[in-house]
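Each chain carries a letter (A, B, C and D) given by its place in the written order, and its residues are counted from 1.
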Amino acid sequence: MSEVDLCGVTLRGPILNGSGTFDAIAARRVFGDALLERFPFDCFVSKTITLQPREGNPPPRLWETASGLVNSIGLPNKGLARFLELDLPSLAELPVPLCVSVMGFSHEELAALVEAVGAFDEVSLVELNLSCPNVETGTLVGADPDETAAALRAARASTDKPLIAKLTPSAADPAGVAAAAQGAGADAVSLINTLKGMPLHPGTHQPWLGARTGGLSGPAVRLVAVEQVASVAARVAIPVIGMGGVACGRDAADLLAAGATAVAVGTESFRDPAAGRRIGDELAAFQSACKAT
Amino acid sequence: MSEVDLCGVTLRGPILNGSGTFDAIAARRVFGDALLERFPFDCFVSKTITLQPREGNPPPRLWETASGLVNSIGLPNKGLARFLELDLPSLAELPVPLCVSVMGFSHEELAALVEAVGAFDEVSLVELNLSCPNVETGTLVGADPDETAAALRAARASTDKPLIAKLTPSAADPAGVAAAAQGAGADAVSLINTLKGMPLHPGTHQPWLGARTGGLSGPAVRLVAVEQVASVAARVAIPVIGMGGVACGRDAADLLAAGATAVAVGTESFRDPAAGRRIGDELAAFQSACKAT
Amino acid sequence: MSVATEPRTLAPPERRIAEVKGVERVGAYDLIVARDPIGPADPRPGQFYMLAAGERWGGGDRERPYLPRAFSFARARPLPGGQGVDLSFLLEDVGPGTHRLGELAAGEPLALLGPLGVGFTRPRQDQRALLVGGGIGVAPILCWDDELRADAVEAPVLLGFRSARHAEAAALFAGSPDVSTDDGSTGRRALVTEPLRAELERDPRAIVYACGPEPMLDAVRELCSALGVPAQLALEAGMACGYGACFGCVVATADGYARVCVDGPVFAAEALA
Amino acid sequence: MSVATEPRTLAPPERRIAEVKGVERVGAYDLIVARDPIGPADPRPGQFYMLAAGERWGGGDRERPYLPRAFSFARARPLPGGQGVDLSFLLEDVGPGTHRLGELAAGEPLALLGPLGVGFTRPRQDQRALLVGGGIGVAPILCWDDELRADAVEAPVLLGFRSARHAEAAALFAGSPDVSTDDGSTGRRALVTEPLRAELERDPRAIVYACGPEPMLDAVRELCSALGVPAQLALEAGMACGYGACFGCVVATADGYARVCVDGPVFAAEALA
């Protein structure tokens, strides 16, 4: 597998996990040190951390759909302080660089989060999850170029660490939002986050999820991701981290061909914790085969 | 099956076809008069007609993906004049009310189309396909509330026939667009149209489709449709025609529970030309079972 | 909207379930025989059916297949007393759909729609019919040969295959077709257009019926137009519906795009762009 | 991050392929035996595995299943010489995933991850173990009973089923468990909590191990807390991953939501909210 430079951080390969789709601490409890010996990703992205602790949404939180999953997890997390105290030391033991994903519900929160996590040497990259509602308008910050730029400026002023803007696919013009993020100091963009979806109870036809609506991921959204990655990569100069429904090496190759520098695996890891490694291997075999010819 | 009132038009049941997913004239060539005796829909929606004839996009136009289809058909059609001359008489022979779908690349075109088709008694409803690029900005008219309202006003002034605004799912706020359409005189809204997607050639990783990108449909998008139908229905007072990945009676029931007045079947008809009828029967059985209990 | 003249047998307007009678390996191909209880017993050679496994159609490579797949019928044997018809399909495993269909076992359900499209038109009295099949493209040639034989129409059959393993399909033909292979592992080492050229140069008052891979059809087209011989080509195209609903299966013709599934799959070579 | 004390056998960090040895109908259920060549031979009773058919997982009702499914192992028989382990799973067909798994045949591949979660903790010397299983929830009770027997720990087994057909699963147990059915078609016509109450009133110095449908577990919980008897409940929850990755399988506990797959599936009744 050939190394990848992501915003000055050297990765042993191009495969990351999608934020919130792999808990390395829980996985180590389940798989022991074998997890570290055969760690599936080339860079580990934490679940999104918020300033205050969050319980997350009431269950049920999962719905399986055609070739995909709808989730309404709701960003449960310990909150910044306890994340830094309890989780960061364990995550620092991982054999790959660490990216911490954060979400702020205001620019002040965002600045505080970015400054705090960016201060740790163990943290190589910081990802901003922009799929958060604007507290006034209720619309997603990441759906609007101006709000996205404003959020990036707040974060940019608070750290020198590479900043990744995680875009929402619900924007009318994702490439425009990506360009705004780049203009406001983002070092990279990542996409796609989940598509908004609403499963109903098969019997009552009332919303199944405790939070009523959730996010769709998995192969069902893969070609939406390829299209958005291609249009974003064509518009910005900074690296693009592509994700959405990647389940095999060819899917990863599709995103790289669409202009991505690295690829993240999310839902497929739920089917196999080693999916990231398998996909990386398939991709490498595939790439050397192409070089050969 | 119980009758449905759609903008004053009485339908024998709630099942329509999605525009562009059933060619009743070709189907009659293939199935003969048996098609009319067992016609699968309760209202027939024509393929989208434009003022000038269109050849459509270069092949390949189809890509099968996980639980779905990506198409780049490109609205091939005879153009208004020859549609009225050659197709309308045949469509008038169908045993169900007729809705003609039109797309105008300017307000003048739109007005001309709506006025022309609306003048025919055979035409009970007119659907405006708003998934058309704004010639100046390149963005979709249907993604923007103001542009949508302007298009509706142009159409509204040109006919008294019920107008259905076919929304695009690529809007940041579909409910806002729907409200704008209602405010400008739409008698109903229909959604969802296809999601933008881009399949790549498995070998070359270049765009597979002759038109590079296409639209994703089928079960893969079903829960995105349920969510958008629910949010739109919660926002507008006019009837909502729900579609997107409907493959069985329960899927149709989901959309009705989400607030739709009628349901359209698209891609599932490609798997079985009788899908619309089967889905209507399953829905009816389902509904009477619910009433029974 | 009548098109009485085209060689088309109408299909029931719904997908139905046939029962798989058997799946047999024929060299590199699978021969599936299925009992269609409802459909017409007289599909026209060149027409096709949309097939899908009755169960578990999906979950293969990249979560496919999802849509049904198009297959020319290779044989249609009417059952006594209008009890339906046994349809044969010859399949090449090239992806998740054909792979799944090849895994079907006797007794399992096969979802089917058809017959679809327009078939071959019969030769005029003064035309000698020449049948040309390449690879899996022999499927429609097989039933066309059966029919012409039944009517005592003498029609040489020229088949081309990749290798001897593929050429085993030639044994399905009633007569003894002329066989060429790319690697010479059996029959003549040649492209099927070579024996065709010889036949046409011997006697150009012929009409050619061909089905096979695109390069072969292109070569047949070129040859025939050069010699002024009419040809009917059975084309393939990626399809979603098979009955004209999706407009996805177009091919360029002299007057614009045509849908392979309703205007074809058999086209007069001259009509193609 | 050490949790040395919890009754958990670690799992290899990847999904692997086991070979189906047989699928047997046991009354209303399917008993699948699969040979796991790599995994540990000593999963802890109460732990579970994520299973998926090795082929054609998908294309069922509404194009599902897509994700693997969680199943408690019902038995684990180590093979001589560390040749792996034969794992038994007891399945109830309630949807596309269990339906597809029930269709597996000997020799077919079964994709598997595990063992996962934490199992039952052993009773203290002064505690009499009482095992309670309801319906398909008897699966983990079966291997727990096997283990306690092997260690000569006397532990009454109380089982409840819908009907005699479901109660056939009781025959899988080594001893002769007490059987209640909802319809009285076999054994006592009662909810399993009735014999449990009798046992606990006779001698409350016990610990209850229970697995079954939610209403049953609620009743067991209520009964035990009323009598001050500790209980360990094996819970179910909709899961995507089974190893703590998705945060989807939560249950409310005294200190917030806990993930059934990593913090459970076995929970002390007292710990639940």
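As a convention for this text, a residue touches a chain if its C-beta (ideal position, glycine included) is under 8 Å from a C-beta of that chain, and two chains touch if they have at least 3 such contacts.
On a predicted model such as this, the values are computed, not experimentally measured, just so you know.
Chemist: Can you tell me which chain lies farthest from chain B, using the average of the Cα atoms as each chain's centre?
Modeler: D
Chemist: Look at the interfaces B-C and A-C and say which one is made up of more C-beta pairs in contact.
Modeler: Between B-C and A-C, the larger count of C-beta pairs in contact belongs to B-C.
Chemist: Quick one: chain B and chain C, Cα centre-to-centre, how many Å?
Modeler: Inter-chain centre distance comes to 34 Å.
Chemist: Return the distance between the CA-based centres of chain C and chain D, expressed in whole Å.
Modeler: Roughly 53 Å, centre to centre.
Chemist: Averaging over Cα atoms per chain, report the distance between chain B and chain D in Å.
Modeler: The answer is 48 Å.
Chemist: For chain C, which residues are shared contacts with two or more other chains?
Modeler: Within chain C, the residues that touch at least two other chains are 58, 62-63, 66.
Chemist: Where in chain A do residues touch two or more of the other chains?
Modeler: Where chain A meets two or more other chains at a single residue, that happens at 65-68, 218-219, 250.
Chemist: Take each protein chain as a node, join two nodes whenever their chains touch, and name the resulting shape: line, ring, star, complete or other.
Modeler: complete
Chemist: How about chain B: which of its residues touch chain A in the complex?
Modeler: 63, 65-68, 70, 139-140, 143-144, 170-173, 195-200, 202, 205-206, 213, 216, 218-224, 226-228, 230, 245, 250, 253-254, 257-258
Chemist: Touching residues of chain C toward chain A in the complex: what are they?
Modeler: Chain C reaches chain A through residues 62-63.
Chemist: Quick one: in the complex, what on chain B touches chain D?
Modeler: 67, 219, 247-248, 250-251
Chemist: How about chain B: which of its residues touch chain C in the complex?
Modeler: 20-23, 25-32, 34-35, 38, 40, 47, 55-56, 59-62, 64-69, 71, 73, 76, 90, 218-219, 267, 269-274, 277-278
Chemist: Touching chain B in the complex: which residues of chain C?
Modeler: The touching residues are 1, 3, 8, 10-15, 52, 58, 62-68, 111, 113, 116, 237-241, 243-251, 256-257, 259, 262.
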